[in-house]
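Letters A, B, C, D, E and F name the chains as they come in the text, with residue numbers starting at 1 for each one.
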């Protein structure tokens, strides 16, 4: 059995797999866990991040208001399933030139050393990667944007590698980007970034068509004894629009731009009515994962149809075996 | 309390708001009120107009046939909820050059002085605004098209202002128009139109993104003591298509090109399966409203997913307060 | 009563029409008959072909794997409703240059003389028409591709006409083709094809808008004493994507490029949740029909939302009458 | 010989046709008559209008500045060939709400009764038709915009017809419009416009492909005893962009929405280096014509490659005969 | 020295290469040889075919009329440089269903056995390959269209191979096709075609970017002792449109779907003003070649900017050596 | 008089302005200085960089080969006008993972401290900014790519500011980018970059439309006592493609993300045949400038129509005055 490197999380949300299992990831049977009306002004609550916090859970949530204005909000939960989400967006401290808001969406939360780093897609003359840190989910300190526009989905690694901070991201453009590959960048200090490496890209053609148009990183990478587990989204372009599914890959622990394995099959695709119907139909977009090193359990939070938030379960072994069973050459 | 200027309508269709109210407009709980198979040949019955008539209700309905040929049909109802719709389209009297049909859709009905004027999107070398009048919903007299192509959504005011007929409209193009602003025009005689003024436009950016791509007028403007209430549709362009929602604004009573207030939030967005699923998913398109001046009640008929017709309720105070609570600067 | 020229099929799947019949074709009330998880690796099972075989039924099924790789699979059924589908794609025998797989989809099966011919959309530097034959649904012998790229939907006639094999097809392009007309071609030997004739095309404008963007042939043409019955798909382009519906036409028996009748109305359009929701919403795509010459019954297999397979029923008289009731001039 | 209804203009610019005449219109051999650097700040001087004025000529010129800001300027000439153009744009008097400039381009000048009316494409929440009048080409009085957006090329008739002002125009959209037909509108007072009629449209297909994409009116219509002579532009869409050529049609004198004749061939197409090379290659765009009723001579000013202004010559008989020789059925 | 298999042509048009030779093909220094006004109604004369005929030359010429209607015309020349072109298009004899003209363009002429076959892009519900034969360039007998739409550039081989007629073609679509590869087809009788093989395609990427968007065959393939010499066009898509250049490849004599060599460099690209300026700037489009087996000389006729016809020279050795010097792996 | 901070360059190429000066920049009267056939395999030589070197000049030149493969080549000149350019591209030393070539274009050369840094658009899973250094223009040492894809036009500042290297760049996408703004980034070591700031963007609307679509930095920024002089390109999107012109701005010396001045007018636009005709018509693209601090003279090298290289002259005072005369508010 493979091992997750990390803390035990005995109260991780969990359900055993159903009898008939079509994918290595299975849905929480009370999905969606967060409805579109989760706070007073929300039109939708979806691509969002949850982390263990003080025995329970804290999170940073993408809520689009009823003006369809995109911002990120704090929320808390005792059990990782029932959440209370603030009615007002996070206020960031810092240089006013930096904290000036254009729009904010698709947050990730990564604990490194002694604090939680939030990264998100930040509007600054186009989408780029914003970052802030908090220790208490009350005060948030915004830092310089990490990258030049245009970029989405900046996902930090949960520890330094060879003395450097590392991050996956997906370079993008100004609109509904028709391309997207995953790159890695490194930094001595979280301010200056360089040594950008290609990690993996969309896979044109028929062999793995669910990820033929674009891909992008999802939850914080999960450290295992076999490599970094990357849960990501992939997109196919049908004649009636994009379909977003969830996939998995494994990166080398010390040279994480090297792909050790990647699943030819998606691990979860839009199928239920809450995934296929909503503001943007046919979207599964994972943004966070909880892990329990004792059991290898993984609980994934994912946006559904850009409208609500779903929860799904798997284990490190389910994912590793699936990549072996359906390898992408 | 604000006052609607107009007649009492004691038998207006009505339901009180549900306990948990997410928007200032709430749905009839037996929606849709008109199914896609409402007459013998209909594929869908949606963007349509209802008015009080002889103690009950009459209406002009957009029915797309099973050939998906777009035309407008007469229908009647005792209670504003159960409708009988003709199996054959309206036949118009008038100059054959004018009454020659290319296609007709999205009717509005406006009572001025002594008769009902029907305006609609009329095919004449492209979409423009057709007009006809009736006194009995049996004989319909078609007049000259009101505007040059390309225009959709010509919505008359229910009385002359400063001696002139007034109309809102949305200039358009020949296809699935990717832009759209609301203008006002005036006329001494309903034939010649001029003094075109910009009223309000799509709102690019994040602040009110549900209406960032295009907007267009909906039901006949409702006169209140605070101004003309305009219920309109707004559109956002997602990566998987347009989403149409319903909004509200308030125009100056005597200078109706002046916008006194406008809601930053939509007042109803696609959420139910009959709004999110159908020939054109994610469409809410209001075309008519009944009002009761005694109670301030408003009943709105709106097209759902370009397939069926829904009914929703609000009051003049709900709308006015909502614009104050969520103003669009 | 019109007569189907062909065999009796007493055990044809069948349900009588419902009381309220909106179209000349009605759905099986336990639809979909084949779910998206019909075999071990399938993401979806849809545009597929079924034929009578040894007292029961055999079929060739389009299964997209969970990699969304498109291939065709064999399956069998006793009753035409419950199918067992292979977990692995068909292996073709023949010249390796020809059998080399790029992708395969949308099969049709046509019995001529003594064997079953399978045609499908075959990837060969773009989509073209692949062909193979089998006698037992175990060994499949692939022949030369029938046409130059780019073509989809090659549908053979079930007998030679005037000594020649005949085929309908839809010339296409390399992507999500925005046009599509039906042509006929003839061949002395199934290898060399010529004398290409236009049969019928998309019908621009409002008169029959459901087929205004493109059309393409569906099941094997059905011989009747009045002509060849062609059940086909037609497409309209809405602002939120393509909608695929089912239509019917009648071709001359001996000069099948001559259209004797064509329905202005579609005969079945997307309406149910399994047709409106799925990987490609709003798709009805017929690929096969069973017929019983004794009763005139027809059972149609059609892809639903590019995700599952539906079954629908009609009779030769329902179809012929409907073309008379709603003729397309 | 056909007769131009109008004044004699003995000093009309003129050259006899060259020996080998490929078109019924021939170029001035010293073209371009106005260079791109005609005033101090001009990047280009092209689609512009010239009229007889006080024994010489006055004109309103489209000059794009070196900022490529589009405005209209006054200019004068003794001979219709050498022009002095103001270094500053026209300042309009009138209601500041109306005179507020967004952009202005493609002017026409039409003398009716006792004054010169200038119409142009006026930026007002999109392109529409602006209008002003002058008696002396010093003071310009701007009136209400004539039409709703989106419209370009509003060209007045030089006299009232049946007591009404008449105008041709080309409804348009917000960008590089891919369609365009000519309509006529009438007005009792130049403020209110109605009774919009289709006149003629782009001609799809091969028969007259130079005008298959869009057409629009050019100089002020020329009254002849056989009808109104309309010199207009037509556009074909090649794989490397639009090509604009010049055509001619004849409208009924009293019912000018009736097309009596139209040339299948263009009458002048881009051929010289100053027409094929410049800011927008391959553009011939006529905006004004001088006529001499004594001789039937016509001198046409036309924009060349959106960069400079050319002059070309013809006679009323050349044009009328050409329409007879190459009629567009 | 390589040998051309074919007749001697002592009076082939010829000029020796200039001192400084940038490409293996050099232009005639009096280009263009045919002007846009070559016949009475021509707007342009370009993609055209010339063959030796009765001691001089005959040709079939694409003339776009001043209506920009595309048709093909006969012409003759004594020296291959000065041509007389008919003022009226070719009239074809044959089945009126077949000879009905939509449009015709880009002819090739191929002598096989005892007659000249003309193939061209023929409008029949879209572009396909038309064919006719003549023995005297007076009477032309049209046969069935060779292929289903959509196809352009059908170029026959000048002799049967292994008892079959052979043809290169470029499958296409209905508009300004953004893709294009060369395929080969064979036929026992010029009516039925099959055994379609991919020959070579556009070459995406940087290595040979001049042919990265599409390619298509040009003159009749030239038989040499080393293989079939194919002179073809290739297209790159710049930010300001397509650029068409001329390339060369070598096919196996008996298995002509096998590419023996192909030049990485173009052999002639648009450079002169008559190639860079015209109705479609930056187009070099070869359609015919004369060869002299005695000297190895080749004279190529090519369309220039879709406006005029140019002539260029090379030898079989220049071409073969160039492919060796700049091979495309 | 403003002062250039830098070295004297007495032998700077130079011509005095012509009598009639339409722009503050004037062309060398023997343009183009580098022809498309400047080396053995070149199709075109354009966006290129020249610097003073050992009493003469060295340069790095973009040559597209006759395969239209894009690479950069070394060249030398005694006078800055007559250049000898290598027939083979630069070979870079360094980590093979980094030096692996996809494509290279649009070089800039910047001398900092003791060496010349070359930056260029480097193909690495999309366009990004490559960098290398040389001391002798013989050995070139390639370093890590400076930024994530997708980026073009990385232009270093010629000295550190506040201890940091600084660079302007234009984030981009994977194709013919329809947007483009200039950002600044800083780095302690040329490897890690951060603190990205917006500098200035395209200017939508009519006020300065020549730069309404996109802009990007050009030559190395020129230090003056009034600020950093930025010569850049701006693009307008006409109906027939992009037009690239040259503009100028002034940045704050110590806080170079602050724009002190910017010219509303372009300073040079495509006008001559070598700028308007070529592989990409209507392109002026500056990549390098020589300066003489003694006289304030500036000589600009710019690509013409993506085909040849032009030379133009100005002085620091011409540019500063022009920004004052035509300021962009």
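As a working rule, contacts are C-beta pairs under 8 Å (C-beta built on N, C-alpha and C of every residue); 3 or more make two chains touch, one makes a residue touch a chain.
Everything numeric in this text was worked out from a predicted model, so none of it was measured.
**Student:** Under the document's definition of touching, what chains do subunit B and subunit F have as common neighbours?
**Tutor:** A, D
**Student:** Match interface D-E to one of C-E, B-D or E-F, accepting only the pair for which over half of the contact pairs are the same residue numbers.
**Tutor:** Matching more than half of the contact pairs of D-E: E-F.
**Student:** When the C-alpha atoms of subunit A and subunit B are each averaged to a single point, how far apart are the two points in Å?
**Tutor:** 41
**Student:** Could you put a whole-Å number on the gap between the CA centroids of subunit A and subunit E?
**Tutor:** Distance between chain centres: 55 Å.
**Student:** I'd like to verify one number: the distance from the centre of subunit A to the centre of subunit D, where each centre is the average of its C-alpha atoms, in whole angstrom.
**Tutor:** 59
**Student:** What are the residues of subunit A that contact at least two other chains?
**Tutor:** 240-241, 273, 277, 281-282
**Student:** If every chain is a node and every touching pair an edge, decide which shape results: line, ring, star, complete or other.
**Tutor:** Shape of the chain contacts: other, as it matches none of the listed patterns.
**Student:** Please list each pair of chains that are touching.
**Tutor:** A-B, A-C, A-F, B-C, B-D, C-E, D-E, D-F, E-F
**Student:** Which positions of subunit F touch subunit D when the two form their complex?
**Tutor:** So the residues of subunit F in touch with subunit D come to 20, 22-23, 206-210, 212, 236, 238-241, 243, 264-266, 269-271, 273, 276-277, 281-282, 326, 328.
**Student:** Given the complex with subunit D, which residues does subunit E contribute to the contact?
**Tutor:** Residues in contact with subunit D: 36-37, 41, 43, 64-70, 102-103, 123, 176, 240-242, 273, 277-283, 306.
**Student:** Quick check: in the complex, which residue numbers of subunit F touch subunit A?
**Tutor:** Residues in contact with subunit A: 124-126, 128, 144-151, 169, 171, 173-174, 177, 179, 181, 183, 185-188, 191-196, 198, 201.
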